[in-house]
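The same chain A turns up in both complexes below, where it pairs with chain B and then with chain C.
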Partner chain A sequence: MSKKVSALDMPDVPMGQLPEHLNRQRTRVTCNADAPIHTDAVHYSGAYSLMGVDNSMGLEKFSKNFKVEIVRLSEDEIEFDMIGIDASLANAFRRILIAEIPTMAIEKVLMVNNTSLIADEVLSHRLGLIPLDADPRLFEYLSENDVPNERNTIVYKLEVSCKKDSPRNTVKTSQLKWLPNGSELEMATLDKSAKVKSYTSFSCSQDSLPEISKKPLGVKHDDIIIAKLGPGQAIELEAHAVKGIGKVHAKWSPVASAWYRMLPEVVLLTEVKGQDAEKLVNKCPVNVFDIEDLGHGDKKAVVANPRACTLCRECIRGVNEELVELGRVKHHFIFTIESTGALSPEELFIEAVKILEEKCDRLLSELS
Partner chain B sequence: MEGILLFAMEHGSLSDLSASTFSLMDEDHTLANSVRFTLNQENMDSSVVGCMGCALRHNFYAYDMWTVRPRVVFCGYSIPHPSDNKVNIRVQTTGTISSSLSDPAKDVLKDALENLTQMCQLVRSTFGKTVDDFKVKNQ
Partner chain C sequence: MNAPDRYERFVVPEGTKKVSYERDTKIVNAAAFTIEREEHTVGNILRMQLHRDPNVLFAGYKLPHPLQYKIIVRIQTTSQSSPTQAYTQAIDDLDKELDYLKKSFEDEKNREDEKLRQGY
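== the complex of A and B ==
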């Protein structure tokens, strides 16, 4: 691969197939010591038309080549491989996961009493960032003109105080109480004879609704510290949670984070034996290489774990270091999604794909 | 002037429909880059191709050169200003010699969107199946 061959000496490639070096350019990013090359994806269907090669990815070809392999799946986290997909789609899914999947988060805080050291707005900001254990698909959006009701709002109450002559106490999220019947505070009106209105109009209790009664709507983690109270201080407030997306405010982002990386490919260009093999194995901080015993005390280096490669380039640094070629496989993505708890990570990915489909459908209906 | 739609507007010549710019509101790189990818993949139906110089369509199986018949000459997107939520997608299509047989850019864009939708459905079903298999295997 590093030897230069004259164009007239290259072996004949049958029409309809790409020669080896072009195929390598098309499918791999080569990470040289100074910078990566061939990073662009060759998208255009007619890019290799003079060679008779169809570069397009039709639906049949896509369905044949597309694979998903799950490495790790737990309640909060998933790591899986997507093979045969392009970077533009993978990035679209990542962007949607971070910014466009709706979640529930506290938006309005009605302060009754706050004598703690944490200012009102700081306390409200902290309440907004608490991850709630509520499935956003069961709720509707609340817009400016809507009335808050049991279908679009979740109401929580926080009422804590610290008695005089007692030590400082900590306010944790376990003390946020869910009010399934809606707001308990009354709206102030000048008209004394009018019926007393509360801030929300729940027509029925939320825990009577079939989907919600299966699991009470609390917070996901009980031990997050909201504030600390000294003796004689108290906090009394009501918090209303609504549905929103991460684009508007990061509190509505359903993932701790979601990211992907391309599959690393490490190729030994020559046979590395003996002392050089030991040196190479020791250079790599993540143990990509390993020693293989050939018998008679002979050792050779092999690539044991290319997936762990972090592209630190230690193995190609220095003079005369042409033993290894580092690269990335272009259509193979290792996705990791860490959920904050409202939706499980595999559900999150499916929602992200659904949202991309909805965007396409919306545009299609506009154009027709 | 084209009819004003809420989320998308097409700017182009009324006589030559093969090239136009689509201005989308409330969109960003997420959709635009994915659509650019599927637009680049657009090929003509392999069995039927317009013949040069006449309005009939012939089968060109024997003609090896034309195994690849892309429909798109140029496609790209730009975001005029990052503070505005607008994306401009430019599509220029090939089409044949006589302009009455050329693909209007709108149709190519619609086909690309359909393709993207089908790809997403495939991703979703493959992923769902793999997760179910994994859960069953690792009870």
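== the complex of A and C ==
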């Protein structure tokens, strides 16, 4: 009778490490033709304790495994990889980037004259959505009881008209003028002898503030069409921009969008040669596969660019035998942040981390 | 017409506490933390970090209703720890991880800036 050996003591099972198939379950989402499997992350530190494998994640282990790699960086967009974080953290960053980073946007519009075809409220709505080139960190929030001053409001003026007998003209954001001295309109008062008050009380010109004088506050893009005027029509208004967050209104969202995806992993299960290789390469719309010449006219398919895989599943559709296995690497996230212009995309991400830290600190400090 | 003001999603009104704690009367070492004006952003992260603690037997969060802006985090621990201790430990660990993450990102950003400046 043969001696009974524990499965874990077999020579080909690595000790202290998970067997291959369990490691695959732990670190990869397998995307089958109908649905993905193994999508949950294994957080419990004792999950594999019976095998002698420690699944805990402390700060030291996190620091060792965590990596950031910036793939592409431009003035408006950043694409970077974060390796070693959990899906909940990635989602938290995405939610904060979209909804909780403050920006400046036009909130109050004082209409003096609007004879254009665009209604007052529609025009005001459009003005609110214009991305402004103002760093929100230099401004404070304006609450209901506060007086609008140079520290919490930016004032813009739009004064355009279309002369009679001239063709229609287009009102673009380049015609929105910044007023560094505050509002020029006067509040109507019944008391004729009192001093005239304007809608904002700027104690000094915003031009003179050191941080703002370096770069004048304007709009980010000069060519956004606000309205169109026919002959004889005119628009005269004053717009006040204040600080807010995306949760209150989407105009205050600092990103065009911010999203993440998991790193795709494409594995060829068998050798695919000749005609089949050609067919496989042609099936993929994003060129994940490529042909490798083996000499003597022989060719085989290789996975050239798995990062481009969009999970369209064309390569596994309708085939009888399994050639390809599609999957996603669980703790590797490819983030893309497109900024609307007030803050650069790297700054946006750093602000998002700061806001998350503040939230966590608040949870701790306000525990009764 | 009946929609609450948008700022209600994150402004804690006067008189309500941001985090309140209620011990579970029927199970030992179990408690429910009600966090006002927070949602999945923080709830999911807290739950994930609590799951990593070997002393935590049960950790979960829920939003009772999408129009009531609060989350309830329920924690049950072994007798070696307490729910408050697990909660505090989880947030501390999160703070440290976020700090490290921020530093890593800033380092990588500086490295990219250097590369661009030198025209790689």
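One rule holds for everything that comes next: the second predicted complex is superposed on the first by the 349 of 368 C-alpha atoms of A that agree within 3 Å, B and C clash if a C-alpha of one lies under 4 Å from a C-alpha of the other, contacts with A are read in each partner's own complex, and residues count from 1 in each chain.
Just so we're on the same page, contacts are C-beta pairs under 8 Å (C-beta built on N, C-alpha and C of every residue); 3 or more make two chains touch, one makes a residue touch a chain.
Keep in mind it's a predicted model, so treat the numbers as computed, not measured.
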| item | value |
| --- | --- |
| First (chain B), second (chain C), both or neither touched by A:Asp54 | first |
| Which of chain B and chain C A:Glu366 touches, first, second, both or neither | both |
| First, second, both or neither for A:Asn91, with chain B first and chain C second | both |
| Partner chain in contact with A:Ser45 - chain B first, chain C second, else both or neither | both |
| First (chain B), second (chain C), both or neither touched by A:His249 | second |
| Contacts of A:His21 with chain B and chain C, given as first, second, both or neither | neither |
| Chain B versus chain C as contact partner of A:Ser63, first or second or both or neither | both |
| Residues on chain A lying within both footprints (that of chain B and that of chain C) | 43-46, 56-59, 62-63, 66-70, 73, 80, 82, 85-86, 88-89, 91-92, 95-96, 100, 346, 349-350, 353-354, 356-357, 359-364, 366-368 |
| Complex contact set, residues of chain A against chain C | 41, 43-46, 56-59, 62-63, 66-70, 73, 80, 82, 85-86, 88-89, 91-92, 95-96, 100, 245, 247-249, 346, 349-350, 353-354, 356-357, 359-364, 366-368 |
| Residue ranges of chain B in contact with chain A within the complex | 5-8, 10, 22, 24, 27-31, 33-37, 40-43, 64-65, 67-68, 70, 72, 106, 109-110, 113-124, 126-128, 130-131, 134-135, 138 |
| Contacting residues of chain C [partner chain A, same complex] | 6-7, 9-10, 17-21, 33, 35, 38, 40-42, 44-48, 51-54, 84, 87-88, 91-102, 104-106, 108-109, 112, 116 |
| Chain B partner contacts - residues on chain A that touch it in the complex | 15-16, 43-46, 48-49, 52-59, 62-63, 66-70, 73, 80, 82, 85-86, 88-89, 91-92, 95-96, 100, 346, 349-350, 353-354, 356-357, 359-364, 366-368 |
